[in-house]
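Both complexes shown next keep chain A, but they swap its partner, so chain B is in the first and chain C is in the second.
For the complex of A and B:
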């Protein structure tokens, strides 16, 4: 059923729309990676607005030049063919846009340098003024001929299938042809100058001292952003351009920490946005109860890119919100686990009869002051690791668990000794810092620590410091009910944690 | 931070007699005769063979001079400390030499020729804070960037360049971390990455901007070892340095800077309390003077 439904719903027109959307999205994402990494994401936004006077200016100047040329009677043949060029044709618009792209970048930097106005603000000043100027010029141009402001700014991707050419018998939208050229240009730029883009984005000063002109790379990037923007405007509209310049690269940056991978992932995400956005544009209105109503496809592609970003923000393996929370929780549970076995070790050390052992689950949780969930998780994990076993209502360390616990207690007591000797922390303030340090002490650090305090037998409170791991001969496993051990030291507070 | 075993105080007699020079890169041959010619033609008082000559250089930001009439010849095959108070123009001096900031007047020559023609002979270690460490590159990628100037535009990086970068990583002891993303390193390790990148440049003159700033003891030792190795190979290293106490221990020569050159020359002659007071104006505190006296005492012993 689904295939027939798909055949029914998916027309060649849909393929064409997705093709145009994907070409545009990938072209933008390739350049966007470097905008995002250079912390100038808003430059895409600025240039996409600022190109307007470039377009209008290029149009007006072309029309004026053609007018002048027509008034000359004896034109050389190559010139007369130029006279008949449509002033709205691609190359002319691209020229105007490229010029303004460079001007935007130049003005922004100049204002920023000359006045100490912050870069974002100077960018805002430049592009709003250029945009306003463009609107005026466009109005002037529109008086004479049909250069429609709506069409320049708000191209509609859904209209792409209306303007097609036949290539090898396949109907191809004209927009797909021009955007393929743009994509080829951008891909060639990023591939050929990969190394130069990398170094001039990461460390422009070093690049310059090595003879790789970081400024030239910057302006080349701006020119390409401007050209991409202009070529996309007419077919897909400005919103998609601005979204695709920033959102897929920002998403990819959360997923990877290699530049090459980031570029490939950005491009893949851009394609996913184009496909997903068009599907959503078909499906979502129906789901909301408006069957047959079409919505803005370009808008929906932008929305899908945003949705993808938030999903990745939550779920990304290293930088994601969720995985970070999980990692934090994991660390927390590990600390609780170590606290529990250290507690049991200290109880064993005091040799209390089993009736007096405060080793019931509730007592343990109280003693280590852990939240219920982490206490439960830690106990469960300790039991499954066979570090701790339950006899009746009480928990006991296994031989394995006791070895591990001895190292934590050793770490704790060595740190107390160290703090006492070298930093002269008052003896009633030793426990807190030692409690934190014991959980982050690696075996190597522990050895170094023991050496620096000359392997003392006892800590400042008089407790025996357990021996190092390799020499741990099954520590005096006290049988709780057998001969009671020497009386507890008087300086041990009742919380069992020294 | 004081290492557990402080390196022995430099032996000045040994430093004065230059160690056998390591074979130079092919690019470095042929530079000297040309430079000698040009110096002869202009009647310049600066020795044409100096690794770095600064001629009457002035640098200004917004019309306020940061460096004023700097005239300096760096001696060859020495470790040179650039010392001065905050805002003395130490970093600016390096950047002006590298054409990263415009000079109001004066000129700079590297082995007698302008920097633009000697790029390969100059290595640069910028301050650690000058880049974004979240940038998606590995340690090895960053070190490999030191080779980019030799690779050429639009060319892939060849295997021999990779080998040089790997060797540089090994010299600073970071081979095991080569595939880490650079934000996952400690500050000291990041500083060593920059050092390795400069080593990969395989230059004759090195300019280092505060490589010792807030690094751990292990990194400090590693940097000192690399500096000594560079000197032994006949390289000249200029280091912007903040810690007055370690200056006599680390550097053969010093350049005392406070907008102008206050003094320059061998450390034992120039690094005196009078010169320091002139460099720092009233800003040299009693504690710093005491530290200086201690360092001198340690050296005398």
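For the complex of A and C:
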């Protein structure tokens, strides 16, 4: 068997496996979106374990009823046809599963509400007990019948092509038919009750006041989760169901903030997992040094979904780890930039001779307590903006930079005045808050601030407050060493302000 | 079942020590089913034997006295495991991380598979237990770290993070096992017992491992009890006090990983999750005191393990793990119903006591206010119709209240039919509750600026919970603004003295 992608031969069998996987994955992802949004992801895990007694119970009751019916001699014809139904057939299993799915949700909710047990714990209690009951029921009565936990919970997707029916001349796996029905059911539910699901997921109280029965939506969702789980078990196994219920929706949640988009993206991700998982199952073991070996498609679908989640978690445009870190770093560097020019402005203000200015790069970094990397980045960007220039070993503000710095110092000192006058902050505590507020004050807010403290000439510490920016351009740049006080000429373009 | 003889001999000495526990466990166990064959173990029975028969007395006696080597090992091992995981599960429960055990257990699978692959690649047998446990521990820890990282770094919530780690790690494990199975069928046979467990065939070495882990965990819990308590109840306070919160959390999680990994290979995945969650949740219903809760959880875990193992020894075709979960579930149900600390009966009876007291106080105030306009020196008989008109209560409800009040001696029947009057104690109580009501009404009017037409309902709810200290404070407060009469007048004009309105 070939194991590299180039030599890989795509057979009809592979199409069938991927089809079954994709149908199952999309059915799960559609419902999973709402589980993830309702913070009930673990309900998928709980229900997929807890359906076991439902399956066993449904099987046992059916067998028992059929036994009873057979012992009656004069059966009506409609009943005698029912007697021959396979007790493992879809509808019966679905009925049992749906019942237990609702029971799991009900019990969890009830224990949580009635006794204040944490929701996770009550879920853990309920599903483990139900699973144990299921194991006992199975062991007790399903002897000699092909119904054991391994078979129920660990279906193997690779077996799907073994059981096919011909539809319009095309061989279709039987599992694909049942999963199509489940997918249609789930899609219909999500489409028909889109509005209700949306409102009751985000705001159950609002849903209730709007006359939507949030509880009914909750239990309907649970029923569908249980049915989907059961129908997927026999074809793909339980672990894939749990992965597909949770991972694609959580991935989509990192990519978008809109529910409609999230549903579509999760479905697309689910399909990608199915295709990628099957390919990976054949190719990856060979790449890892086990040539000629393929592994479980269901397992690899789960792994691929995890890999996709990991990539998205790092790279998502808005909610990704990397983009958030970059945004934070950008903000940090910007603050360091503003701190540097404000520092240089204050040095100019003191009018120290050039030789005594603490304006060497290391001194600046020490003065504003910035880490080496951000200090370096900030200085580099200030120089490329021509706000700061280097003369010898020292930095100086350019005219452009001085204008900008004046506004930051103005903001700082106006805030100190404001805090002193209106909030009665002690004078030795004014600097800290002002140091933070100066970076987030917009020009409009600055104007209002100045008005509310009646444009004072000096701040509480006696320092001069630089005048407001006028929008006219400054013709010349002054020599920084010559005048300690900045001149009121402003030419900061609007795009330089944050 | 096939332990070396020397080990068997060694462990026999410990048996009598566990006797009382075994007896207790069996007493708590549900009625047992058995197919009544030879008592020596599950493997000897036919799979298709479907007969139900109660175990013979001889069999029960053999289990209780722990005379079978196999039964003894299983019962001791499972009891120890139950006690340990009950104790450590309590911390998980209080940290609201009950399901982390679930995710963790699933996350060990890829490690087990990888350890097997590595061992085979290095030329070993691949079935060495310490290596497999090490592999499981590594990926288990990785799973926990991943959960915490996802929760801290992204907007994905804790439940989804648990689900992601659980399913993806387990899927990775399934894939690795898939490779192993295709590599060399036969070698990998024992690996799947990590998933479903094999409680009934626990070996002495397993029990010994559990005992060592139990000792370690108990020691950790005792030594770090104060720190863990802080961590569970107020993490930020612990951090502010200078405790190394992250390190403590890691120690706690590491203990859980150790218990889980050891338990997993002994009893299987679902039982392990159950043992971490159920005993702790059950113990929570018995006490608000953490050390007692730890002991209770350990006790419940041990007894469930012991009883479950004993029952399954008597009914060989029953999966021991499932029976243990069911026994623990029975404990949980009983605790939930009858536990004094937040159990349903306790809640229900507290609620009933409160609603009876409220009802009686409403009745007394109705009596007082109906008699008030008449300035009667002697207690005045009040007719049922008059009482009915005062509040929105049904006749049946009112009669029940009166009957109960009469039994308590605060109300007695009057000479006329369907009329009652207050006894002296009743009159005093009625005076007190009416006073509470009106003090609160006046307070709302004078200090909260509530309109007089709106204060009645509010006071109706509050009058029952005003304690003497509160009353004294209210009196002091009101005395400053309005000199009060002995009984403050009603602001609704129920009072006979119109001059008193000025006071409000």
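Simple rule for what comes next: the second predicted complex is superposed on the first by the 406 of 498 C-alpha atoms of A that agree within 3 Å, B and C clash if a C-alpha of one lies under 4 Å from a C-alpha of the other, contacts with A are read in each partner's own complex, and residues count from 1 in each chain.
In this text, a residue touches a chain if its C-beta (ideal position, glycine included) is under 8 Å from a C-beta of that chain, and two chains touch if they have at least 3 such contacts.
The structure presented is a predicted model; accordingly, all values stated were derived computationally and were not measured.
Q: Check whether A:253 is in contact with chain B, with chain C, with both or with neither, and answer first, second, both or neither.
A: both
Q: Contacts for A:131 in the overlay, against chain B (first) and chain C (second): which applies, first, second, both or neither?
A: A:131 sits against chain C, while chain B stays out of touch.
Q: Between chain B (first) and chain C (second), which, if any, makes contact with A:211: first, second, both or neither?
A: Only chain B; A:211 stays clear of chain C.
Q: Once the shared chain is lined up, is A:199 touching chain B (first), chain C (second), both, or neither of them?
A: first
Q: Contacts for A:39 in the overlay, against chain B (first) and chain C (second): which applies, first, second, both or neither?
A: In the superposition, A:39 contacts both chain B and chain C.
Q: Going by the contact rule set out at the top, does A:262 touch chain B (first), chain C (second), both, or neither?
A: first
Q: Regarding the shared-chain residue A:306, is it in contact with chain B (first), chain C (second), both, or neither?
A: In the superposed model, A:306 contacts chain C only, not chain B.
Q: Is it chain B or chain C that touches the larger share of residues in chain A?
A: With both complexes superposed on chain A, more residues of chain A are touched by C.
Q: Which partner does A:95 reach: the first (chain B), the second (chain C), both, or neither?
A: In the superposition, A:95 contacts neither chain B nor chain C.
Q: Touching chain B in one complex and chain C in the other: list those residues of chain A.
A: Common to the two interfaces on chain A: residues 39, 253.
Q: Within their complex, state which residues of chain A touch chain C.
A: The contact residues of chain A facing chain C are 36, 39-42, 44-45, 49, 111, 114-118, 120-125, 128-129, 131-133, 135-136, 139-141, 143-144, 149-150, 237, 239-240, 242-243, 245-247, 249-250, 253-254, 281, 284-285, 290, 293-296, 298-303, 305-306, 309, 313, 319-321.
Q: Mind pulling up the chain A residues that touch chain B in the complex?
A: Where chain A meets chain B, its residues are 37, 39, 192-193, 195-196, 198-199, 201-203, 205-212, 253, 256-259, 261-262.
Q: How about chain B: which of its residues touch chain A in the complex?
A: Counting only chain B, the residues touching chain A are 95, 98-100, 116, 119, 122, 124, 126, 130-132, 135-138, 141-142, 145, 148-149, 151, 153-157, 181, 183, 197, 201.
Q: If you look only at chain C, which of its residues touch chain A in the complex?
A: Per the stated touch rule, the residues are 47-48, 50, 93, 96-99, 101-102, 150, 153-157, 159-160, 162-164, 166-179, 182-183, 196, 270-271, 273-274, 276-278, 280-281, 284-285, 317-319, 321-326, 328-329, 332, 336, 342-344, 347.
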